[in-house]
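Note that subunit A is present in both complexes that follow, paired respectively with subunit B and with subunit C.
Presenting the complex of A and B:
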């Protein structure tokens, strides 16, 4: 009955297969030393290189911090959105969406202009006599985290907001009626009900964060090198394609594993916000 | 080898206006038989140009034959697109009738390799560092230069490679804010002395120039610079702690010194001379302890233009007047030694390859880079980011 509709999906599927899956397969083959022969040496080299290990660790560490901060801030924004009146909600949604539509490059550069040591924020603070010497807000890990959090907050806000809109308000009322103070009702009832969404939003933010390229490159002052940039250097500059392939596979497999984990834990439909 | 990320494509045609460019493009398409005459006329009318005017010249068979061939030159974008078109492309086209299209497509080694291996080679001539001639040439990715067409005597010893020719020179120089050094230029020792001279320093994130500055600043004599001790360089770089910002693109290095965010920087000489001009002399540079390098033109294996035309183009690149024009436009110096005596006074000062300036610098070892570049970049990135 639905048969004809499958054909409508075909062009998109064919495009993805041709333009994405095929090159990806080629990259995977390359990372195993094919077509010359099968080898795991490129993966062993990844594990053996202290530089790559520390780069991977830095990536995971920064993305984890970013995810936690984005979740806390995103939860607050989503909570406000879910409980405000219609007009304020529209306004708040707009504030979340407008930066979301801006180019990542423009945003990174804007942060740079605001936060560098002779930037607007530091000039204002020193001008007001609040600090003697400029704060190091950017060109370091802090700058990368600020830039990434700013980019990723909407990815936390929308799934959380969607979940909060479906929370049965009577649950909180019930908690209050048996004597829970507001924050107790929030912690013991509201948060647990939205926990699957927190988990889903966290994974979403984490996955996006793993692939960041422009933000660390601009806001990190050159000393924060994350996975994507490392892959790009291996492909374009040092011509270590097998290494780039192996790193890409590590990234891909981690992301697929994370998605699978979430799908198992809370169900795919809730993760994607469908239904 | 200039890793700007602002890759845009510029065409060297009479493209002052969009319609000019459109008609020009269409005329080429028509001449090559990729567009039929009816479409051409329709397009001209649509663009508000009389087809008779636009079409004049396309009827001659000789021009059609010449137009069937074109040389696509790929470089690192930015101002180099227009500058190379003017200094090298236009005079070559005037001599030979073969159009030169400059594409700012950033021909990094990885892209050249991917292009050659895919069998669809779009670029005929690519800009890249000197050591790439041998490095990529030995991997079978490049065509050999035909020295029966290219005049070897126009190049210094060793700069006429089997798989490419030195096209221009450039340097990594120490640029500085005269607010901090009003009376004299800083040395590399001062560069690493953050106690006496506080403020941000900047170096290239991708190792080259930065590694050499670290070693020289750490007291390595210039003649012992190569083979380079990468770990020693990294240790020196790390000693700067939070006082160093690594620049990613030439534009960002320029911007940091321009805005006063950084007080000193190891940057490209091309950027340094523009900075001096734009800051009215507040920021300037010294050739002392600079790293003198040369770039090259290479031809990817299996490129589309004929070997004869491409080699003729390479030969034309070495004409002193054209190299001087490039110096004037872009700040990249001539590789033909004959150019030195022809330089006007104001250009001598900005030419990285003028004998007076070369004497004050250290010359990059192409042999060392050919063998160690990949490893050096990786270890450097690991080292500065860890």
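Presenting the complex of A and C:
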């Protein structure tokens, strides 16, 4: 009875399994020294290299800062969308959605135009007499964080907004009726109720941040090198396939572990927006 | 959440500042592309289309535009047909098979782009797909597939399963039922999926960077090299072209879904 429907899903499954997952498995095998013989030397080399250790630490540190900033700003926008009435909600949704879809490359370029040494921000600040010499806003960690936060805010806004729309308004009213001032009701009732969504959105943002390539590569200007760019340099410039393979597996396993964590908490379908 | 008028005003101001921050890059690129000097700056005296003219007169950018457009169209057709049928199958099958299928179909969206790109790079070289038009189309189809599956699945979730059962009970084969009954009903989801697939391919850079060099030279790829080498306003003009395509696409989806919502349900 259901037989024909297996043929419906077959092309997609075959396409992804053969052309995407299979080579991924091959890459994993390569990182363990296969097919010549199983070895952990490539992973030991990663752990032994202080350069790679500090690159990994920098990646995690920058992504953590980015995630926290994106969550706070995203929470603010989501809260406004949930509580400021229909017109503002529509406008805010539209304005969060449009940049969400704009080319990552075009956005990185725009940030470069804005934040460069003689860019628009520096010219405006010098023009206004606020600073004597241009600030270093790009080709450093600050530039990378600005670009990543800009990219990741929408990923935080939508899950938070969805959760806020389901908050039972009577909970806050109950808190108010027993004498809580609005501020306390917000901290003690509203935030804890939306905590699962904050967690979910945070992990989602963190996952995307870990895999970031374009924004750090352009706004970091070679001085701030994060994991993805390091992998690409390993392969495309220094041809260290085994090292790139091992680093890819570190990235892949971290992401899968985090996805599994959120999937356990909120469900895979909700995570990917299906159904 | 009830807040005082003042607190609400503070929230509104804060939210709009964040939104302005989000819109800022979109606002600066167009004026810079329209400035009349050869530097990356805001227009000083007059607006000029010289950087767009430079784009039109440069055979390299021309070729890249053609590459990008044809690749995005082909990848959209593949991702859309494969993805739509996948979503229909998942919807109808249900249970464990559907769950596993869904996880497989979603992996290209969830896993870090660089890792996927690296894996494909090796295979593409083996299969002689490296730096070829079919190779880039195939890679973009895989990257775009999850977005089609997601949008079509979302439309299907709102559909009454009995519709399909009714078609089957009067003798339609699953294929006929899918083509004649289900597809017209999830048209909105398929159109959104197609637009998103097109945008994904049109803007794709990470995978493209690994599986092509110069024989296939897409717009983002040429722009990437332009940004890394020397920044001139032509690149800003390209960025405007890239963004315009996205805005048109998102507008199509939004107008379409609004029309559907305002139309009375028959």
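Operating definition for what follows: the second predicted complex is superposed on the first by the 255 of 275 C-alpha atoms of A that agree within 3 Å, B and C clash if a C-alpha of one lies under 4 Å from a C-alpha of the other, contacts with A are read in each partner's own complex, and residues count from 1 in each chain.
Note that in this section a residue touches a chain if its C-beta (ideal position, glycine included) is under 8 Å from a C-beta of that chain, and two chains touch if they have at least 3 such contacts.
Keep in mind the model is a prediction, meaning the values are calculated, not measured.
**Q** Just from the overlay, do subunit B and subunit C fit on subunit A, or is there a clash?
**A** By the criteria stated at the top, subunit C and subunit B clash after superposition.
**Q** After superposition on the shared chain, which partner residues are touched by A:16: those of subunit B (first), subunit C (second), both, or neither?
**A** In the superposition, A:16 touches subunit C alone.
**Q** What is the contact status of A:236 with respect to subunit B (first) and subunit C (second): first, second, both, or neither?
**A** Both subunit B and subunit C are touched by A:236.
**Q** In the superposed arrangement, does A:117 touch subunit B (first), subunit C (second), both or neither?
**A** So A:117 only meets subunit B here.
**Q** In the superposed arrangement, which partner chain does A:210 touch: subunit B (first), subunit C (second), both, or neither?
**A** second
**Q** Can you tell me whether subunit B or subunit C touches more residues on subunit A?
**A** Touched residues of subunit A are more numerous for C.
**Q** Between subunit B and subunit C, whom does A:252 touch in the aligned arrangement: first, second, both, or neither?
**A** So A:252 only meets subunit C here.
**Q** Would you sort A:46 into first (subunit B), second (subunit C), both or neither based on which partner it touches?
**A** A:46: touches no partner chain.
**Q** For A:54, is the partner it touches subunit B (first), subunit C (second), both, or none of the two (neither)?
**A** first
**Q** Which partner chains sit in contact with A:29 here, subunit B, subunit C, both or neither? Use first/second/both/neither.
**A** In the superposition, A:29 touches no partner, neither subunit B nor subunit C.
**Q** Can you tell which stretch of subunit C bumps into subunit B once we superpose, 81-89, 135-143, 153-161 or 225-233?
**A** 225-233
**Q** List the residues of subunit A that touch subunit B in one complex and subunit C in the other.
**A** Touching subunit B and subunit C on subunit A: residues 116, 218, 235-236.
**Q** Where on subunit A is subunit C touching in the complex?
**A** Residues 2, 4-9, 11-13, 15-17, 19-24, 26-27, 73, 76-77, 79-84, 88, 92, 94-99, 101-114, 116, 119-120, 123, 150, 153-154, 167, 169, 172-173, 176, 182, 185-186, 190, 207, 210-211, 213-214, 218, 228, 231-232, 235-236, 244-245, 248, 251-252, 255-256, 259, 268-269, 272-275 of subunit A touch subunit C in their complex.
**Q** Considering the complex alone, what residue numbers of subunit C touch subunit A?
**A** Touch list, subunit C to subunit A: 1-4, 7-8, 11-12, 14-16, 18-19, 21-26, 28-29, 32, 40-42, 82-83, 85-86, 88-90, 92-93, 97, 99, 101-123, 138, 141-142, 145-146, 149-150, 153-154, 157, 173-175, 178, 199, 202-203, 205-206, 209-210, 220, 223-224, 227-228, 231, 235-236, 239-240, 242-243, 246-247, 249-250, 254.
**Q** Give the list of subunit B residues in touch with subunit A in this complex.
**A** Within the complex, subunit B touches subunit A at residues 3, 108-111, 113, 200, 205-206, 242, 244-248, 259-261, 373-375, 377-379, 381-386.
**Q** Can you list the subunit A residues touching subunit B in their complex?
**A** Per the touch definition, subunit A meets subunit B at residues 49-52, 54-55, 58, 116-118, 136, 139-140, 217-218, 221-225, 230, 233-241.
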